[in-house]
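Got a structure here, written out as structure tokens. Questions coming.
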């Protein structure tokens, strides 16, 4: 692989796309060739997000004549992402897709939650972009489906148990900041509506629930998952508080030992000896995990991430690093 | 009962005691005879809490010569509360105790979580101050144990199911704002530490868990409860997100009908047709409840309260209203 | 005047209109006959603002057949307000207008800052709705221009000096929360953009500057005013920090005595003996004022209000109380 | 100068000391030999500040046998700093002092605001650590007084005018987040007290006012400065909004050209073409400046910094870089 990769970020005006552009721009082995936006072409990234430093003007993406790049991060909404991904793949571009279009393994499930798929020929052809689980597959991948933010935290919180086939019942109480809502104009994310507030949402069913179930099952535990997300009055940060029943009871020490062994050497997973907090992972690609057993014997597993970093854009960089043959941690420390 | 009650608030410099003093001061049928504080005697309440309007100077409480009052709200830490409660009861004062000293029904459980009890002769002699469950008992009570904030929300979220003996397994993921931590000088509640942060705490066991289990069992469902509280970057507000397994599966409609029936006419419980939010209950004695069934069949029950209002001080007023023969809603609308 | 007034709130889906509807609904001597909205007709107020309790469904306002009311609060943007105000006045309705359409005394100034006026025949015919300055005029008024939020705070901070003709030079550094930006979908007020942020805005000229200058001049001090507003990461609250040069130097004691005398008996102005804070006035009609003299001899005058209460909607109620012959404080305590 | 400097941070448990330790630890050419704390010796830095990554345990500083270092950052309160600085200087250690002990040029002024000085023999012997003004002096300095946070922002906002002798009258309305209050246990900085709040403080005189006056005078404009600081509900960030009268009127273009010329090439000052915001400078050593002229002819100059970065700890690194012969920007990008 070359020393330097030329990279395109498509959809760079939203929260995750803009951050992806910023991270590519800062990356010592990536060159940000173009950052595109349908809605904000002509504006500088720093105009939209004064805290970013990338010196780039947003342009329009012409799929018939895209810029010559080695890799792309696509930050489009689901549905819109698939055709763009397909067009880029046809030109041989290595793609990390931030949408849900290539995360699910069953078309039926995809259609139920997201509607018609925009590039069915590619469905099933992506590697699930959780390096902690699929590191080797990612080194060979050309298309990666970057996981949803909630699945990232939930699956990392539970993977050591799931892999042993131990999970029989899972409750995930998840919470994240307003950036998870995207650059929306919804009344809900007006500062005046969110400050001093917090609330559960999508209580009748959230798209990330089947994704979490799918991944836990793929690891070895086909357990039912109850999932409720909450919105919190903060910007970036996400917590998955998981309550798990096991096939056989385990003592706290045994569970903690299992996690230590599983995550030894992981560059971005940090096992804590107490509950994690969101400020500690903010603007990092880290996932902080704490596991314990509560008084009635249920396992409690907590994972904290930055929802637009490890839960989206920096995780895309982590994947691209592997796909492009770079050090996995390059540009992320 | 007289037209007007003379009321003492003991421990009025902390968050819940100060609010209790403010609420008594505003109450059309209560007279705030004294608000006492060991640490801040001599200061005006408005100096400590500029948003309160009660015109009162904090004084010291002399238990040998307490002011002549009909009723008292005691807002001391557990342990310290019991002897003061006992001294006031001996003089015939009706007492609402905000501490944990009289909430539990088993001395063994009390001692495990709180240590030695300061007035064992009164243990077991209080009514649990949840008017929605013990209204008639409260009308005759002389001593009420105002419930913990988490039990208030959790039990109100689950009572209709608990009463039918339906609960077999309960997970409570609870969250509250910084006021729940009290007027502490702990680094954790410094604005700089909490803003843009959130975290679970007391994951190895929280004192409110046995209280929740006790109350659900008293209602008819002796189910194990897993309980994890979280601290959120807001001031006042608390959410209990409950995941319950039932003895027999119920459809969403049936569960919602059960709740409607149970809470019909309750002045402070409001059943919503969607998830509650914390801002809507802030600075009120209301509890907003929403119940539904998630995809895998588990009941989701949510309750939102203001942790220092319905979770403490305004609930004490609600109790005193009943104990003193006033309208239950007097001074709380 | 009748015991009870029938009141319409036009434009009740925005922040100030919705609050006006809520306040009218709670008012013991007002009946909320209709709350109208062009954009949200058919929705309940509590759906848009879960923390409000007014039981009212938003309707459309038909100016050809408006509901029969005694009084109206118009909460439209400037420009759109004037014709509606005119139509209501023609039917004899007493009007409190929250827009800027009737605040200025010179048409030229109005046109420079706001464009063409929508009801020039009424221009100049309103009383400026600051009861602390124009109480008697308000008792006789049929149309009141409720002051801008920044002028409310700034003028109340400086009025005692302005009335004596003492002000020769004024700097106002003002700051307010996100609610001042209105129910906008602007990226700026997304929670993710405002949290942990603060910034000056409209530094090249804000419409409230000429209004402040006008009112200080009307009181007796035609001083130049430099005005810079800032947006802060909070919902409701506004501070005017004023730095004033005087025609003749005054000692701190003399200035404070002047303020005490001027504001004695004012029901909603509270003179503090130290700097005000925003939490203390939140959700009240109060204005907290502190005045002192700094080391180099300049007067510092601070005023804190809730920008959508005393800075808009509750001030409209205060005005209507006077216009309708009610107690000035009715419904505001 | 050597390739690598051995550095001590004294007083590393407070906000600025802890950040200084973190920045030294990350610095490619500095080695964090010791981070000391009187109150928290034995605890790891990451325990106190989970978001920091420095792997260091706090130790006690024995001034009789301090660690062998090339340089030190002293983060003690004023008064306590001076003797420690003196002891380190005696051993030839290059020192950046974060306290006020060596900032002022007149002992009388120091004594009025801070009391008796702890090392009068060194008074007057420090370079004022604003590299944008004293770069050459810093290259030769052995002791630097890192400026106060408010003076940093205020002086950088006004320096181009001050140097031309143009300033005749200055008003500074400054505001900063809770971190400026330090790791205090004061009720004021409890999250519950600060959220949704903001207020001016030290309105009768703040220690940074004479420091600002001193520095503007040193640059050429001995103008009186009125200064009022405010506390805002955010963690890190500071804004100086300055209103200046000039000896001769200048047009906006002329003022902006003056600033462009003055700050051309400055690595950490960024001239904006509109008002700055705090989020854009958070966790950076940058100072964002905007200057304009308001309608009545007064110059408005705004400067935004992170109060514990450019306003304290990262500015100390910037100074040490110069003092140690490193690139000025080393470790700060």
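Residue numbering begins at 1 within each chain, and the chains themselves are lettered A, B, C and D in the order written.
Operating definition for what follows: contacts are C-beta pairs under 8 Å (C-beta built on N, C-alpha and C of every residue); 3 or more make two chains touch, one makes a residue touch a chain.
Just so it is clear, the structure is predicted and the values come from calculations on it, not from any experiment.
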Chains touching both chain C and chain D, listed by label: A, B
Least hop count linking chain B to chain D through chains in contact: 1
From chain B, the most remote chain by mean C-alpha position: D
Where chain A and chain B are represented by their mean Cα positions, the distance between them in whole Å: 39
Chain A-chain D separation of Cα centroids, rounded to whole Å: 38
Distance from the mean Cα position of chain C to that of chain A, given in whole angstrom: 46
Numbers and ranges of chain C residues touching at least 2 other chains: 177, 193, 195-196, 233-236, 277, 279, 282
Footprint of chain D on chain C - complex, ascending: 171, 173, 175, 177, 193, 195-201, 203-205, 209, 224-228, 230, 232-237, 239, 241, 243, 274-279, 282, 290, 292, 294-296, 298, 300, 302, 304
List of chain C residues in touch with chain A within their complex: 15, 48, 177-179, 183-185, 187, 189-196, 233-236
Complex interface listing, chain C residues touching chain B: 50-51, 195-196, 277, 279-280, 282
